[in-house]
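Order of writing sets the chain letters: A, B and C. Residues in each chain are counted from 1.
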Amino acid sequence: MIGRAALFVTCLADTLYPSVGIATVTVLERLGVSVSFPREQTCCGQMHFNSGYVDEARQLGQRFVDVFAGEPVVVTPSASCAAHVRHQYAELLGDDARGVPESVVELSQFVSGLGAVAIGARFRGTVTYHPTCHSLRVLRVGDSPLRLLREVEGLGLVELPDADECCGFGGTFAVKNAAVSSAMLADKLDAIESTGADVVCACDSSCLMHIGGGLRRRGSRVRAVHLAEILAGAS
Amino acid sequence: MVRACAPFIWRKFLPVPPSRAAARDAAPVVFPQAARAGLANAQLRANLNAATTTIREKRAQVVAEVGDWEELRDAAAAIKDSALHRLDTVLLELEATVTKARGIVHWARDAAEANRIVVDLVRATGADEVVKVKSLATDEIRLNEALEAGGIRPIETDLAELIVQLAGERASHLLVPAIHKNRTEIRDLLRVALDRPDLTDEPTELTAAARLHLRAAFLRARVAISGANFAVAETGTICVVESEGNGRMCTTLPETLITVMGIEKVVPEWRDLGVFLQLLPRSATGERMNPYTSLWAGVRAGDGPSAFHLVLLDNGRTRALADDVGRPALRCIRCSACVNVCPVYRRVGGHAYHTVYAGPIGAILQPQLSGESGQAGSLPFASSLCGACADVCPVKIDIPRILVRERARAVAAERQGLEGATLRRLGRILSDRRRYERAQRLTRVLQRPALRDGHLRWFPGPLGGWGESRDLPGVPAQTFREWWEARERGA
Amino acid sequence: MSAARDELLARIRAALADVEPVAVTRAYREVGTLDRASVVERFVERIEDYGATVIRSSDPAVAVAALLSGRVVIVHELPASLRPSGVELIEDDGLTALQLDEIDAALTTCAAACAETGSIALDGGPGQGRRALTLVPDLHVCIVRVADIVETVPELIDRLAPSAREGRPIVIVSGPSATSDIELARVEGVHGPRRLVVVLHDCPTVMSIPQT
């Protein structure tokens, strides 16, 4: 049993989706994990790296390492940030990564790794799960999130057609190639709405910002909700 | 223009403005604009969607049949790397084996040199037309234009290449060049081009019309030009993989055969074909094996051409070879599996890429081979980095990784743009916790006039793209860290 | 021209200054595991799947006679036991492409066949002739000896290695010519033979062709 973990909430959840961070804390504490929040944390540098700004990405990566060095476990509710730290830092920082990448774990993998499947969550409604690209193809979380969702009391899980298709977010791609991104989003939203679910769920606030923003723009009744928020639900 | 004090979260998603240098160069077509044209063409999108869906399903089926698919991919990547890492030796071995088999080997540093060699070789035969097997290398060097300029008529013999040639268009897919056209469009084209007003839109009938049209060309051809899928250094064997029999016609019937091949196509050993002939057909067309694979070395008395020329083409390949991150792109066997799964390609089509090699592999190969930023500077950004391409690549090219590398190059070449300034500034904000927290608070204040029901619907200037299809929540009354601190204080 | 060669090689060497040699691990399946009967069955199933017709016969000459009509091109070495009656057999003596175009069918043997992919391979060996014979006529009838069918692609390539080293041209054929260039709809019969018939037989004595 892991007694304590540091939370890397991500700049996006911190700034725009605090409920995702709060839910993550709730889930971890319910599992008996003592959570710390190193206040100096800001951003892992993923967006800079993926956009070609290597110097900035290296600087932010170094900063991340300085903030989290010495933490045995760092949990984050973002598959793409976890993927970035775990898969890019070694090349970006070399020995300066100081073992930090290996300590960073995405939330659903962390919870599954504890052997905790039924964590006493309750959720009223139908949910469809969108496996984000980086969770699926870089981090390879597999069916960890789905197994967790299946154990949530009251939750009806429905399959998303063409689930492994990219939603079209892609960081700066969403604005640099806004038309293509919007076309990909439209197809994803159609698939989500075709399931009749009340909620679309994922492990990345960034993709959910894109999907949720699209659903809202459409006036859809479907809500975009982070996995942590569902797992934290106790009512 | 977004001023420095504007809400930082907006800047996080700033697009690249067309660079000033690019704007000077007579406004070249950049990918985002070209993509809009593809997206707006409903017929194109329907054709593409139908075709790529079919081919993806077929591929998935025949790949699932192969229990050792991953081991084959590993071996294929290693074989290609082993050849690339001693490319000089392997090419010299190929030169020796081909020469021993009475073939003649030519070396071409760039497109112009390759074209000159080929045109001179054709001229020396006295022929004024050539039959051609579909070849991306000759598309890349624009050989057809060079032949025409030299008074030689090139006849494309692959059905799709013929369709594209007759339509005066460019290929839009590595393997299925006319994927953007449906049967009705092809019928209308062939009715006019082949003077066959009787044609219906049945693929069988359209194919028969092309067969008839090309038969005469094959039987009279004196010179043929092909590419190569593989060349085996050990045996001097050239390998052409095809379906229609046009490849066999071209490599068998004429007196003279000229093969133009990128230097990265060489594999060291004969047995290596046992790996690639499993991976290529299944990845490319979703077949267990393509109908015809032709293998020959030099010339053979009494069977096939009496003269064989092999043109070894660099044209930027050694530039890619020098890049430790980009080098694996040279493993590419042009199967186009990455193209068929790419969510961007499938929506915009190949023409938006403005390059011979469309899709994800093109987005890395084009900048690598040309060494150019400029117009091509937009190609590495034509991807959401979803990674579907890397998953299907039979030679395990980490396409997203190379895309990101090419992005870094494009950024380094054109740093002074608006995006550069913004992302650098954002980087500075994020590098300092106090600055970051101040920016959060400042945004909360500045966003107020634009908020509707807690959300933003419209975004200034280059950020406008986000608002095309998406709302965005504003910074809430309490950020996570503010919540955490409040809780700590309460505890 | 030699300047281009020298420069190209120099560029390659400069580009490779930092690299290490790569070892190739071949963990893939090189040799099949099926028993003979299953290998044959798979071969039949897969080559039929790609549009070829398969006939099993202990007397290939008779089976072939029923399939053929008109003028049929063969090679001089084709054993009498494989020659059908009732058709005009023309031994290839260097027919031109135009002459071949006037012929209805080609009757050949093959060098090897592969079950996994439903392929036959011709290497110009005895009974097969040059490549144009099985290319220009509209029908190709190929007699395949059961013993020549291997299971996997690496086994097929291995079987063909001696021919490749001798510099013989090789064609691997999997079904009749086909295209999928129009809406990915498969159309059989483009420039190569529009029909491929495989005659399977398991009488080793019938084909006592001397190896050259």
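Observations on the structure shown:
Heads up, the rule we're going with is that a contact is a pair of C-beta atoms (placed from the backbone, for glycine too) under 8 Å apart; a residue touches a chain by one contact, two chains touch by 3 or more.
Predicted model only: the values in this text are computed from it and were never measured.
Viewed as a network of touching protein chains, the structure reduces to a simple linear path. When each chain is reduced to the mean of its CA atoms, the one lying nearest the mean of all protein CA atoms is B.
Inter-chain centre distance (subunit B to subunit C, centres taken as mean C-alpha positions): 32 Å.
One simple way to say how far apart two chains are is to compare their mean CA positions; for subunit A and subunit C this gives 53 Å.
Across the complex, subunit B meets subunit A through its residues 9, 12-16, 31-32, 35-36, 39, 343-344, 347-348, 380-388, 390-391, 404, 406-412, 419-420, 423-424, 426-427, 430-433, 436, 440, 443, 455, 457, 462-466, 468-476, 478-485.
Per the touch definition, subunit B reaches subunit C in the complex via residues 47, 50-51, 54-55, 67-68, 71-72, 74-75, 78-79, 81-82, 85-88, 91-92, 101, 106-109, 113, 157-160, 163, 176-179, 182-183, 186, 203-204, 206-208, 210-211, 214-215, 218-219, 232, 235-237, 243-246, 248-249, 252-253, 263, 270-271, 273-275, 277-278, 281, 285, 287-298, 300, 302-304, 312, 314, 318-319, 321-322, 324.
Contact residues of subunit A toward subunit B in the complex are 9, 11, 13-18, 20-22, 25, 37, 39-43, 45, 47-54, 56, 59-60, 63, 133-134, 136-138, 164-166, 168-186, 209-210, 213-214, 216-217. Only residues 1, 4-5, 7-9, 11-16, 18-30, 46, 50, 94, 97-98, 101, 114, 116-119, 124, 130-132, 135-136, 152-158, 160-161, 164-165, 167-185, 187, 189-193 of subunit C touch subunit B when the two sit together in their complex.
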